[in-house]
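Consider the two complexes below, in which chain A is the common component and chain B and chain C are the respective partners.
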Partner chain A sequence: MSLIKKAIDWGTKKSPWIIHFNAGACNGCDIETIDSLTPRYDLERVGILKQGSPRHADVLICTGAVTLQTRDRLIQIYEQMSDPKFVIAIGTCACTGGIFEDCYCVTGGIDSVIPVDVYIPGCAVRPEAIISAVDKLLGSLDNDKKEGGGNYES
Partner chain B sequence: MIEFLKILCKLFIFPGFLFLSVYSFLLDFLDRKLYARMQNRVGPPWYQPLADFLKLIGKKTIIPADANAVIFSVMPLVSLAAVTVGFIYLPVLGKEAIFSFSGDFVIVLYLLAIPPLAAFLAGWYSRAVYSTIGATRILTQMFAYEVPLFISVLAPTLIAGTWSITELTGFYAAHPLYIFINLPVAITALISFQCKLERAPFDSPEAETEIVSGALVEYSGRLLAFFKLAHNCELLFVISLFSAIYLPFMTGIIWVDFILYIVKTLFILLLLILMRVTMARIEINNTLNFCWKYLAPVTLGQVILNLLLRGVL
Partner chain C sequence: MNREEAIVNSICGRFPFLADRIYIQKDKRIFTKSLLREEFEQVIAYVHDELNFTRVSHVVGTDDGENLGLLYIFSGSEDILLILRESVPKSNPVIKSISDMYPSIVLHERELVDLFGVVVEGLPEGPHYPLPDGWPEGNYPMRKEWNPKHFNKDTMTYEEPQEKEVQKNE
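Right after this comes the complex of A and B.
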């Protein structure tokens, strides 16, 4: 692996920029997600910044079960992000569909629409769990490389 | 040959491009760190701007189908090039800039106007709703700050009687007390520079909470990295220009002057951060009102005062 590739991998691990998308959550997980960005938890010290535009972001943070209304928008936002990109499903509904599973207007968890890298169950998820998930996600980049890698560079 | 190598070294390594980018990363870090500390946060680690830059370099660049591909991909480089060329005429190591001629002031002011125009073109040709709004706001804001900025930067040249930045710095270094005459325009220049850099309270062109990130909303990957680098370099460029015009304290020993330069830039950065932390964003029409009602009259008064003083001094 060349030096430039190493430097870029290091940068990827040290500066995950996130974008938050509500795919049909009850707002409980959204409040906790925004909570983790407040000065109390201060995610900027590990390089996490909230971006408004999907083009700038690396990590898509999704909350809630995917409804038929948001399904196309979720795919569109996922397609707008540039590679390498990651998805974190926050909350039980985002992981499996939760109590909304088999509802007439719900397609299920986030992974029924787009590939998900990290699942965080909980109702609602605590900010500490979100920080831990992002940490695990960045750690998984190293593991991925050990196993031959390439999963995250599509 | 050795002269040639020396000039190349000056252009690309020490007071030139490499120094500019490395020091601007450092200033960006200090900006974010102090901003965080003043909000009672811990703030990012020292390598954060570098990590952001490397990450963006490694990401895939997407050019939207509706955008004009040539303008979309050239504008970040235009922005960076303008800032880098302008930095050549600013005194960093002692009183002397890398190059100077009589009238480089005008060149520097023109180059200073290019990064916002590049951002405007980039946003306009992205053909997205938010970027178009951001681009229009950038131009509107240019109408607000450009006149106060130009007059307040040119007012000190009336006393010095020169339009070369190196000679101007030399003149004020020889007469350090004269800089107190220019104190009102120093304040207006600081505010107009804040307006030019699109930092709070004048950050409505890139307001994340209302128009996502303004003109750069469609940018990704390498092109975004170069825009960010150009923006960081513009910060250092503006701060160096300010320190050359309004804080020209010199000792004459080159390395002491260089340390003085670092101290001066950090001090000006602190003032800019204080302005950013203590004030909330104001609307674009209020920016226009403020710049034309309060900044422009002060600078015009200073011009009259300096013309009168020129006869006396």
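Right after this comes the complex of A and C.
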């Protein structure tokens, strides 16, 4: 078991696969997310690959405040991902609800529905911030291992 | 006589009751004051058929307490916007769909149904738009008396606080 776990951890750190979910964003953060994947910033050259299916993804990248219409879909997608799984909230709306907090159809930030590992504030966030966040997420995985692990054990 | 005045004169010639309720706000912008439902239906048919205002770009809903206001923005082949206002009482907010003349207005009319509780005659049945599935009936978020703080998003119920009991306690 430990050998398989080591292989999974190595693979996750070496090449995290992401899936992108828009929970009700204005598309500003979506554009920046795609921008960080396309040739100008090119996250793919370091192994970060965008996947079409949540079953193949390690990292869920969420943009926008959660609306009542997307709440159940977001939980469904989160539960389809296999462990270990991580969530990054991109943008002010995804962190706290932003200007849409207390709106009649908005439940709040991403963390009002599912646990979030990394928050990136900004409206809209810069692609550099997204790259830094993914880097910090993988760094936190390393630090956790040094302290004996536990938070990210599957 | 410039183009705006020509349009205003044409409408006033056909509908004399509009003479004191239509005005040119500035260049390329013609407004009317609130029209009743019967007047609005006559005017809109004339505007579409004779004056070639063949596009509708916006419908704005307003709530002034007793009445619901609807503001339709039309444009045509020229760069002039014609803004028609309609007013319906909140107790009986029934309007007639104009989707036979302007097919693209169906989405706007659905928004009026969901957000203001306007009853649109002639609008085909369809899903909630833009409110989520399972939204309770009788809740219209853009009306003044609807307070989002009293709406429970988990159970999807609207509960007004009981003010009378609070007064008794005081």
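Throughout what follows, the second predicted complex is superposed on the first by the 145 of 154 C-alpha atoms of A that agree within 3 Å, B and C clash if a C-alpha of one lies under 4 Å from a C-alpha of the other, contacts with A are read in each partner's own complex, and residues count from 1 in each chain.
Here is the rule we use: a residue touches a chain if its C-beta (ideal position, glycine included) is under 8 Å from a C-beta of that chain, and two chains touch if they have at least 3 such contacts.
Keep in mind that this is a model prediction, so the values were computed, not measured.
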Touched chain A residues, chain B compared with chain C: B
Overlap of chain C and chain B interfaces on chain A (superposed complexes): none
Chain B - residues contacting chain A, complex: 32, 36, 39-45, 47-48, 50-62, 130, 208-209, 212-213, 216-221, 224
Residue numbers on chain C that touch chain A, as the complex places them: 131-133, 135, 141, 146, 148-149, 151, 153, 156
Residue ranges of chain A in contact with chain C within the complex: 67-69, 102-105, 107
Interface residues, chain A side, partner chain B - complex: 7-12, 14-15, 39, 42, 44-45, 47, 51-53, 55-56, 58, 80, 82-84
